[in-house]
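The block underneath contains the structure these notes are about, expressed in structure tokens.
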Amino acid sequence: MLNYIIKRFLGMIPVLFGVSIVSFAVISLAPGRFSSLDQAMNPKVSAQYQMRLNRAFNLDKPVHVRYFLWLKDLARLDLGRSFVDNRPVAAKILERVPVTVGINALSLLVVFLVAIPVGIRAATKEGGAFDTATAVFSFVMLSVPAFWLALLLMQLFCIHLGWLPISGLHSLDFDYFPPVRRFLDVAWHLILPVFVSSVAGLAVISRYMRSSILEALQQPYIYTALAKGLPQRTVLYKHALRNALLPIVTLAGLSIPGLLGGSVIFESIFALPGLGQLFFQAVMARDIPLIMAEVVLGALLTVAGNLIADISYACVDPRIRYK
Amino acid sequence: MKDNPYLFWGLAIILMLSATALFAPLISPFDPSSIDSQGLLMAPCARHPLGTDGLGRDLLSRMIYGARISLSVGIIAVGISILLGLILGSCAGFYGRIADALIMRFADIMLCFPTFFLILAVIAVVEPSIYNIMIVIGLTSWMGPARLIRGEILSLKEREFIQAERALGASDARIIIRHLVPNAVGPVLVNATLGIAGAILLESSLSFLGLGVQPPVPSWGNILIESKSTLGIAWWITVFPGLAILITILGFNFIAEGLKKIIG
Amino acid sequence: MSPLLEVKGLKVDFHLENRIVHAVEGVDLQVRRNETVVLAGESGSGKTITTLALTRILPAPARIVAGQVLLEGRDMLALEEKKLYSIRGGVIAYIFQEPASFLNPVLTIGEQIVEAVIWHQRLGRQEAQDQGRELLRQVRIAEADRVFNSFPHQLSGGMNQRAFIAMALACKPSLLIADEPTTSLDVTIEAEILKLLTELKEKVGFSLLFITHNLAIARKISQRIYVMYRGRVVENGLTEDIFKDPKHFHTRELIAAYHKIGKL
Amino acid sequence: MILEAVDISKKFPVEKGMFGPASARTVALDRVNFRLMEFTTLGIVGESGSGKTTLARVLLGLIPADSGTIRFNDAFISDFRKDVQIIFQNPYNSLDPKMRIKDALYEPLIIHSVCPRREMRGKASELLRIVGLDDAAMERYPSQFSGGQRQRICIARALACGPKLLVLDEPISSLDLTIQAKLLDLFVELKEKFRLTYIFISHNLSVIRHIADTVLVMKHGRVVEHAAAHDLFERPAAEYTRQLLEAAR
């Protein structure tokens, strides 16, 4: 098991190296030109923007030198300064990490706590009303654009019924609330965002769980379990479920890029102060250092997610743990 | 066809949509950018079956032209990603360990980036035009098809009927055309259909954020920008474009489901 | 005295999507105490389905449509599902063909033996584990402790099959059904497993219903043979009579093939 | 002598290193030598992992040998890909599921331009007749046939370009005994009719005894014994051969 983990860590290094190269390549498209939007608005501003770009990326030097300089700064966590308010990019990102990671973790939790039992029930009552209902729900939810769903739910619950807050992380007079009330207030604000961000995951994981269980129930070792006289419940929950859960574990790790991508939309719509909203603002303001930092961070979180998925899969599946 | 409802309804939706997009100028009641001065934010009525937007433009016409954008972005973006996937995937699958290791490591690296982050980053540095979006979506979604095609080739290469063909003296080209392609086309087609649905979703999300197709060119995504400000007032601006996106993606998902049944 | 097991007019149908397949069309057979009976037949003859029907562990599409399965006089087919739990593994136990795929890959050998012992004999976990290790020693596994804590993928085919036999005998069944237990094993290991089975049968004392398409094995280990063909028992009798004077055309075909390439 | 194998060796990597060469390698073939007389049947027997399938694939040039040479006598084998064919064990895997039987039989005819396009249908139906199948099979797909029938189709395909040497890699092992017996008779009949030479690989000693003239016993990639069938079964020289025979009796 240990050498499996070491191999995975070693395997990560070339990937991270590749990530830094691709990130740098993407961003190096920028300094040479600036978008037509700025030029139309005010030539003086764009000249100033160009000069700042040169300084931020020492454009005079050849590409590979620029890359190593950037990499050196990256390693020292000196991600440069934001064009918008000149604050260090690292600080701006750090203060927003808890919100995004929190919401994504919550929605992952919701997805797994709900989708797995739903998948199991749909599998055990295959073809029944519950099974078809979840099938239709999943199919439609996979086709619904997440931002549109958010708009519809905001219209219904926030405006029409007024049950839920329309945006933000907490109410106006949040600072005067006692701790418990603060917690409830944040929770109240997060109901809609977490639901919307977990809908796609619910649809995918519940269908995946259902087919994974159905497949496990057809495996030969199920006959052995039945032949030993074990009751249906034990055969399902001990023998079939444990095998069916194996692929689900990796899905958790692999869904991180999707969640991060989605947070750009949710945090903009619900005005939540997270990495996604910051990224959106940076893109609108062409804040190159901040964009670069977020792209690399996004990749790092994804690589970490894949690593966690790999290791947790090895823990769960003895065939990998004991090669 | 009848015993495969998914495929039937999926094709019906997409064909109707393609017709709408193709004959947009003929069937659209108004020019998408013509302004009806008395009809600002009009609810659906005889003149404007789907109502008008804040500038008095007919929503139905804008959505009909929007269909063009969504379909063309979806199809061309996926065309690029499938093409790239085909080239890189077959190289990895066919030409042995080094090519395989390099291409697959490159795919792993690209897969590390949340696609939406990568696309937004590129759009931040390149003008957000419909062509750039197609290319960017295409360049950031080739990894799935590449892995699929590589997997198909590797699994087929081991199959005995390919070995038998080689023993018969068939050339590589003949084996690829006569055996690899017919067996791999099914899964690739399913992947492409799902890819189009994904690309349309991406384009509309980008346009909704103002980073996709730039107004005044109508796309379902950028029509919805206005819905944020007219939430409580004009329900039709939120409902109809979103519904169009939903039905389109549903159509492609139906086709994918139907194809899966056929290839078994 | 009455036989341990008597099957009368057993019929099993498979309800597939668009058609019904009659897998077993009226089978009658008997197994007396401490007797070894072979159920011989080629693929598709319904021999496996017949044995699975005895304790109703049939795959989903299969339905028992007629017949009786009398175990010490009680009809298994009429019993309520709960009552069958004590029969399965307690009175009738099974060994299957591919030990690696019929053992749960994510549970240790020990755990899979212990769960049967605890369930049937209501023993404490520690006591059950001791009994489990003893069972492994009984099937002549040298490093019983190592195997007890190993997973199926860590053991060879022969070792897995020995562990499987230990598991099947955990609750002292009176009838052991072995469905081609050695077909997937190498010739040398096959001989060891067959020797082990016959020795255990003498020492522990149980009836053996052995399913095979290999007549050489049938001749070596059984007193009586039932020959199945297309869902029916077409011939049955003492082993030597069947080999010396086969009556049904299919039995003759089998014996002819046996003499040509079935035995050395 | 139609074929001679000299010191053929082959190793397969076990653990593919991330970037570097493989760390451990298993020995598949270890200096295998034998001669094959024309119009005879060489039986190759051995347990799983003995290297017999690898040897078959090396002989067909489907896998490159690490070292050693295979010399064909060009009096018999002039065009390698035409004169040497292979039949695999798994009938469910040896036919392209997406291709009708007619097209599968046309493949060798087209590749080696055995006959002009218009005569192909006639040639294909003749091939089917030789292996005991009728024309109705032409338009059907492999999934509509039993294992035994599919193996017959594979034989027809292999015969299409008039081969001299047929390598049979466990051709009947996954079939029922009665069907095995019928196919064996077919192999014997075809050998006489087309003056073929066989290399017949099997783990079943009784099948080998029935069909082989000489027998090669393999263990862990090495030739343990090579003798005429009669001598091998009556007076086995190698200890391992005695063990195999004992276990099978």
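Per-chain residue numbering starts at 1, and chain names A, B, C and D are given in the order in which the chains are listed.
Please note the rule applied: a contact is a pair of C-beta atoms (placed from the backbone, for glycine too) under 8 Å apart; a residue touches a chain by one contact, two chains touch by 3 or more.
Keep in mind it's a predicted model, so treat the numbers as computed, not measured.
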Length of the shortest touching-chain route, subunit B through to subunit D: 1
Both-way neighbours, i.e. chains that touch subunit C and touch subunit B: A, D
Pair of chains whose C-beta contact count is the highest in the structure: A-B
Chain whose mean Cα position lies farthest from subunit D: A
Subunit A and subunit C, separation of their C-alpha mean positions in angstrom: 51
Gap in Å, rounded to a whole number, between the CA centres of subunit D and subunit C: 35
Whole-Å gap between the CA centroids of subunit A and subunit B: 22
Sites on subunit C at which at least two other chains make contact: none
Subunit D-facing residues of subunit B, complex: 97, 101, 159-161, 163-170, 174, 178-179, 182-183
Subunit B-touching residues of subunit D, taken from the complex the two chains share: 16, 19, 57, 60, 62, 81-82, 84-86, 88, 90, 93-99, 107-108, 111-112, 154, 157, 161
Contact set on subunit A toward subunit B in their complex: 14-15, 18-19, 21-23, 26-27, 29-30, 35-37, 139-140, 142-148, 151-152, 154-155, 159-160, 256-258, 260-262, 264-265, 268-269, 279-280, 282-284, 286, 288, 291-292, 294-295, 298-299, 302-303, 306
Touch list for subunit A against partner subunit C, complex: 218-221, 223-232, 234, 238-239, 242-243, 246, 316-319, 322
Complex contacts: residues of subunit C adjacent to subunit D: 42-43, 186-188, 190-191, 213-216, 250, 253-254, 256-258, 260-264
